[in-house]
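Take a look at the structures listed below.
Consider the two complexes below, in which chain A is the common component and chain B and chain C are the respective partners.
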Partner chain A sequence: MTASDYTAQLIASYKVFEMQREEPEALINARQRAIRHFEQHGLPTRKHEEWKYTNIGKYLKEGFAARTQLATEEATSADLDWAAIPELEANRLVFINGRYDAGHSEIKDAALQFTPINEAIANGHPAVMEAVEKVVNAEKDPFIWLNEALFTDGTVIEVADKAELQYPVYLIHIEKPGEQPTLDCIRNIMTVGKNTKVQVIQNYLNGAGQQSNLANHLTQVAVGENSIVEWYNLQYHLDNALHLSNFEATIQRNARFANYVFTTSGELVRNTSNMKLLGEGADAHMYGLYQFTGSEHVDNRTLVDHAVPHCTSDELYKGIMDGTATAVFNGKIIVRPDAQKTNAFQHNPNIILSDDAAVYSKPQLEIFADDVKCSHGATSGQLDEDALFYLQQRGLSLDDARGLLTYAFANEVIDKVNVPALQAYLQKTIQGNLLIH
Partner chain B sequence: MANKEQQQDQVLQEVTQGEYKYGWTTNIEQEFAPKGLNEDIVRFISAKKNEPEWMLEWRLKAFRNWQKMKEPRWPNVQYPPIDYQAISYYAAPKKKKQLDSLDEVDPELLETFNKLGISLEEQKRLTGVAVDAVVDSVSVKTTFKDKLAEMGIVFCSMSEAIQEHPELVKKWIGSVVPTSDNFFAALNSAVFSDGSFCYIPKGVRCPMELSTYFRINAAGTGQFERTLIVAEEGSYVSYLEGCTAPMRDENQLHAAVVEIVALDNAEVKYSTVQNWYPGDKEGKGGVYNFVTKRGICKGDNSKISWTQVETGSAVTWKYPSVILKGNNAIGEFYSVAVTNNYQQADTGTKMIHLGNNTRSRIISKGISAGRSQNSYRGLVQIGKGAKNARNFSQCDSLLIGDKCGAHTFPYLEVKNSGAQIEHEATTSKIGEDQMFYCMQRGMDEEEATALIINGFSKEVLKNLPMEFAVEAQKLLAISLEGSVG
Partner chain C sequence: MKSFTKLQTLNTEHRTLNIEHGTQNIKRESTMSLLEIKNLHAQIEDKEILKGLNITMNPGEIHAIMGPNGSGKSTLASVIAGNEDFEVTDGEVTLAGKDLLDMDPEERAGEGVFLAFQYPVEIPGVSTANFLKASVNSVRKYRGQEPLDGVQMMKLMNEKMKLVEMNKAFLSRSINEGFSGGEKKRNEIFQMAMLEPKVAILDETDSGLDIDALKIVANGVNQLRNEDNAFLVITHYQRLLDYIVPDFVHVLVDGKIVKSGGKELALELEEKGYDWLIGDTATV
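After this line comes the complex of A and B, so read on.
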């Protein structure tokens, strides 16, 4: 199926979708506007600067049909075992093919206000329209328009001022293809009030067996003054999945937001994270780790927008590439004209272990204020010969020495995780992948 | 505090008064082609230059390619659309006859060079630099030609080379920058009116620096010169290029092409001090500098090194590149780009690693002041077959004032596990403690800034040949005159 055929198919699906949903007029208008934008821009090709290294057309040949009504598939206990993180106690929210599955979900903290997005729409919850009106980076990514037009379900999470949550929020997204692989558009909205703290873990399961769905997530997080929010994305079970995720966060005065992305599988994974620092003293952190041994393609894109003075941002994305995998990193720091006293740092080191693996790195700075300290670095190389020699001299086999050093390289990112059960789980997974015993 | 503001105001005043000191025109009789561009103009230029048939064909092919191309819009610069039909593609000082000695050169032209600070006579005697001066894209005078000829070195204008060494030109022209390479290169290939040609035979080490000066003089013209340097096996040459233009209200277009070929064990060092007219303090006028520069390390153990000091031009679009094809080849790029007032620069390099054990090094220093925008854009590409390739890139930006911008767009493409690539970039302003330290020792603010900027650019400036380094340092100071806040 060609790109233009597929675009036409999606637009036709939208019409079916629109007829089946009963929604407030404002939302319908927004959706129509989005689909018109999508129609205008079409699917991106490699000629688009933002898609230079990710040939999306190649992956869409199957023509994933857009989901036009809520999924009926059920989660099984096997699915949930798959997503289990040992010793993690959390507020668990399960979604299957985008649909909220109340039966398998469990909310422990009374202070957590969760509404499935469809319910929120039906109740006229203001957070939905606010989020819909606030989409930031749509020009560069038609999949954002597509999400806006076609999202079927998702979350509205609210955390009130000074709320005390005892447990992290664990969002589990399971994709189970039916007879035909589908495009699932899922929207997550989270509003965090002032003076509070939330940790969110988001886990994706897709592509087990032969088929996978195309998942298109759009997550919008608003962090209130003096709050701390940590958002962990786990992309460990995406075997041959296609996964597109857009993440947008706005950060107010003296708030701290940290976004983590751990990717070890997926035929195509594209993560776009946009952070907007809107209040003085805001602090954004972005950490990423991708480790591949097969033919995966990962495309991580980050944008930190320093809109006001006295903010800091720090970014570390590390890659370990083996097999025929390809990694793309595109990190941008923008410092607006008045955002003086900004400190912004970005680093993207990569280790390439195979001649068939490839890394494309594009760290960028756009600075319009003078009293700033900004830097970025990107490297690509191998394990240190001297360190390998040192370890072998002390009795480790070459393979063990390699594994240990690679693990140490990865652990710098895992070290930043602040949920102990999750940290242990990540360490174990990476150790397993690198064959360290 | 008020005192500081006053100081800033005063400084701003000075910036706006910092004038372009090369802004005069020379009243030399010129010969123009009619404005506009079509196949007839290409034929006209070719005929004017008395070119052989193959050259005309080559130009026409380029012109047809150009017609199918679109002007690139991706650079991080903004300028009003250029009307390519409003430019005169050929303007030459009227030539009466072939000149044999400097005495026969139009005295007014000589005066031009004296003003530029490159009195040919003096250069000849004192520094031993061979100069090929190009005014409005026509080569006027090449010094030291005979002396170089004794060693087999060919250093002459492009049109002369086409007449006298057609086999060399035919073999190498377009081999590094093909006619279909990009919009401006295609345009240049179609209408280039002159330029320099340099051929260093096998095993010869060129005993002196070769130098070209470019100057746009006539109004409403574009300058399209083409430089080709071929270094045969085991040879060495250091080549300098300097550019100036008079002050004019309208924008002038400069679209040059430079090609370098280095064969086995050859080394070419190419240095540029670019000081085209940058426009006035309101951003009016100035030269559009859209240049394609590329070298190929064709042979094993060859080396190409680009050094550039960019202080002029209203808009710059320029990426001197090296294709590292031979094994153990080395590519280097050293750049200082200064932008002030409304200048915009999008410049950087491309290092394409194809051979084994190839190495490249990129040092780029960007300094932005006033309301200017300064971007570094670079590509480091390691091909699958390039074992043990090594790259180091460093891009530092300095901001002076809060109305300017500094941007960095590096592209790293690595397809090989043996490669080691490092890229780092920083952006900051001049450290307050550094300023304090200097001023405490009795320097005024401007001197201190000049000193710090010189230090910031040292790594690049030290790679310039002696005569140029001095000029470049002065240029840096002039360009930033009074922009301290």
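After this line comes the complex of A and C, so read on.
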């Protein structure tokens, strides 16, 4: 199927979808606006700068039909086993193709307010309409428009001012194809009030089976004043999966937001993170670790927008590339004219272990203020020969020495994880850990 | 033929020296030498650095190698430890009779070769404690010993850290990351203590050390010294040898030992420099 055929197919699906839904007028308008944008711009090709190294057309030839009905697939225990993180105590919320699975979920903290998005829409929940309005003015990514037009399911999570959550929130998103693989557009909205703290782990999994759906997530997080939000994305079981994820966070005065992405699997994974620092003293952190041994393709894109003075952002994405895997990193920092005294740092080091693995890294700084501290950099190289010899001299075999250096390289990111059970899980899954754990 | 003659001369000189060395000479008669380097030639990228080097070290001995910059001191250390950047083109190196040159670096470590690096590598992301667990248990495995468990390892670390006056905070820091020059060198000696080598090579361990750190390092080495091990101390300056007193001093010039003597030779070198010896080679 060609890209223009597929575009036409998606627009036709939207019309079917629209007829079936009974939704507030404002949402209908937003969806119509979005599909019009999509129709105007179509699917991207490699000629689009943003898609130069991710040839999305190649993955869409199957013509994934857009899901227009609520998902009916069920999770199996095997699916859930994959999501198990030993010793993690959490508020667990399970979703199958975006549909909330109450039977496998467990909410422990009363202070956590959770509503499946369709329920929220039916109740005229203000957070949904706010989120929908916000995205219309955001980045022009056709998959954001598609999500806006076609999202069938998802969540609204609220954490009130001064709420005290005892446990992290663990969101498990399982994709399971039915008879035919589908395009699943899933919307997650989270609003965090003032003076509170919440940790979220979002685990994306591809269910058992050869085929994969095309998952198109849009997550929007609003962080209130003085609050701390840590958001951990796990992409460890996305074998054969096509996974597109857009993530947007707004960060208010003196709030701290940290986004983490750990990826070891996926035929195609594209993570776009968009952070807006809106209040003085806001602090954004973005950490990523991708490690591949096969033919995976990951495309990480980050945008930090410093709109006001006295904000900080810190970004570290590290890659360990083997096999024929490809990684793309595009990190952009914008410092607007008012954003004096900004501190913004970005670094993307990569280790390339094979001749056929590739990394395309593009750090970008756009600075319009004159009193700022900003730096960026990207490197790629092999394991340090001197360090390998040093370790061998201390008795480690060459394989063990390579493993330890790989582990060390990865651990700089894992060290920044503040959920102990998750940190231990990540350390155990990194190659080269065997000597130590 | 000319170089062959030269070698013969040097070997004779070495032998004479050993005979003069009273008590140790008696031990020599009955024990196999520990480290034996014969006619060692090594090159890097077609440039010959070691040009026929001979040293015999017996258990309990400390040998110092001195020499001007570029004479091949660090190359010698790297070649013994098995750094593959250097190609050995001739000669042999044996440890207690076993051919080292055929072994991988980790096998040499298992056999008991330890190199205290001139520039210890910084490895962010792995704590010193975790690294030492991996190191000690790898070496123990090679030696056919049971691995140490966490409690045993910690006990051993606590004991050995005292030798170089390190505190526990070191253990949780990444390997050498952000360490001062002195801390790095103390960490090398600490690792040496953990691994209990038969032959330890100290490659310019004194470089970058203030006097306090130098004394701590030397004190650590002196405590580790025993009748069964040997030390090869590579240094540019005599000052380290005030604290680690060598049995023999060898002068390395242009890839060969041009003179050997007792500890007093170091003092002579300190006073006169190396020029008189460089001249010497030219005329031999």
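Quick note on the criterion: the second predicted complex is superposed on the first by the 423 of 437 C-alpha atoms of A that agree within 3 Å, B and C clash if a C-alpha of one lies under 4 Å from a C-alpha of the other, contacts with A are read in each partner's own complex, and residues count from 1 in each chain.
Note that in this section contacts are C-beta pairs under 8 Å (C-beta built on N, C-alpha and C of every residue); 3 or more make two chains touch, one makes a residue touch a chain.
Values in this document were obtained by computation on a predicted structure and should not be read as measured data.
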Based on the superposed arrangement around chain A, label chain B with chain C as either clash or fit. fit
Identify the partner contact of A:Leu405: answer first if only chain B is touched, second if only chain C is, both if each is, neither if none is. second
Given the touch rule stated above, what does A:Gly381 touch, chain B (first), chain C (second), both, or neither? first
Which one hits more chain A residues, chain B or chain C? B
Centroid geometry (CA): angle chain B/chain A/chain C, rounded to a multiple of 10 degrees: 70
Should A:Ala369 be classified as contacting the first partner (chain B), the second (chain C), both, or neither? first
For A:Ser397 in the superposed arrangement: first (chain B), second (chain C), both or neither? second
Pick one for A:Asp415: touches chain B only (first), chain C only (second), both, or neither. second
After overlaying the two complexes, what is the shortest C-alpha distance between chain B and chain C, in Å? 15
Touching residues on chain B, where the partner in the complex is chain A: 74, 384, 397, 399-429
Contact residues on chain A for chain B in the complex? 49, 337-338, 340, 350, 352-382
Could you list, by residue number, the parts of chain C that touch chain A in their complex? 81-85, 104-106, 108-110, 114-115, 117, 120-121, 123-126, 130-131, 133-139, 142, 174, 191, 195
Over in the complex, which chain A residues touch chain C? Could you list them? 384-387, 389-398, 400-401, 404-405, 407-412, 415, 435-436
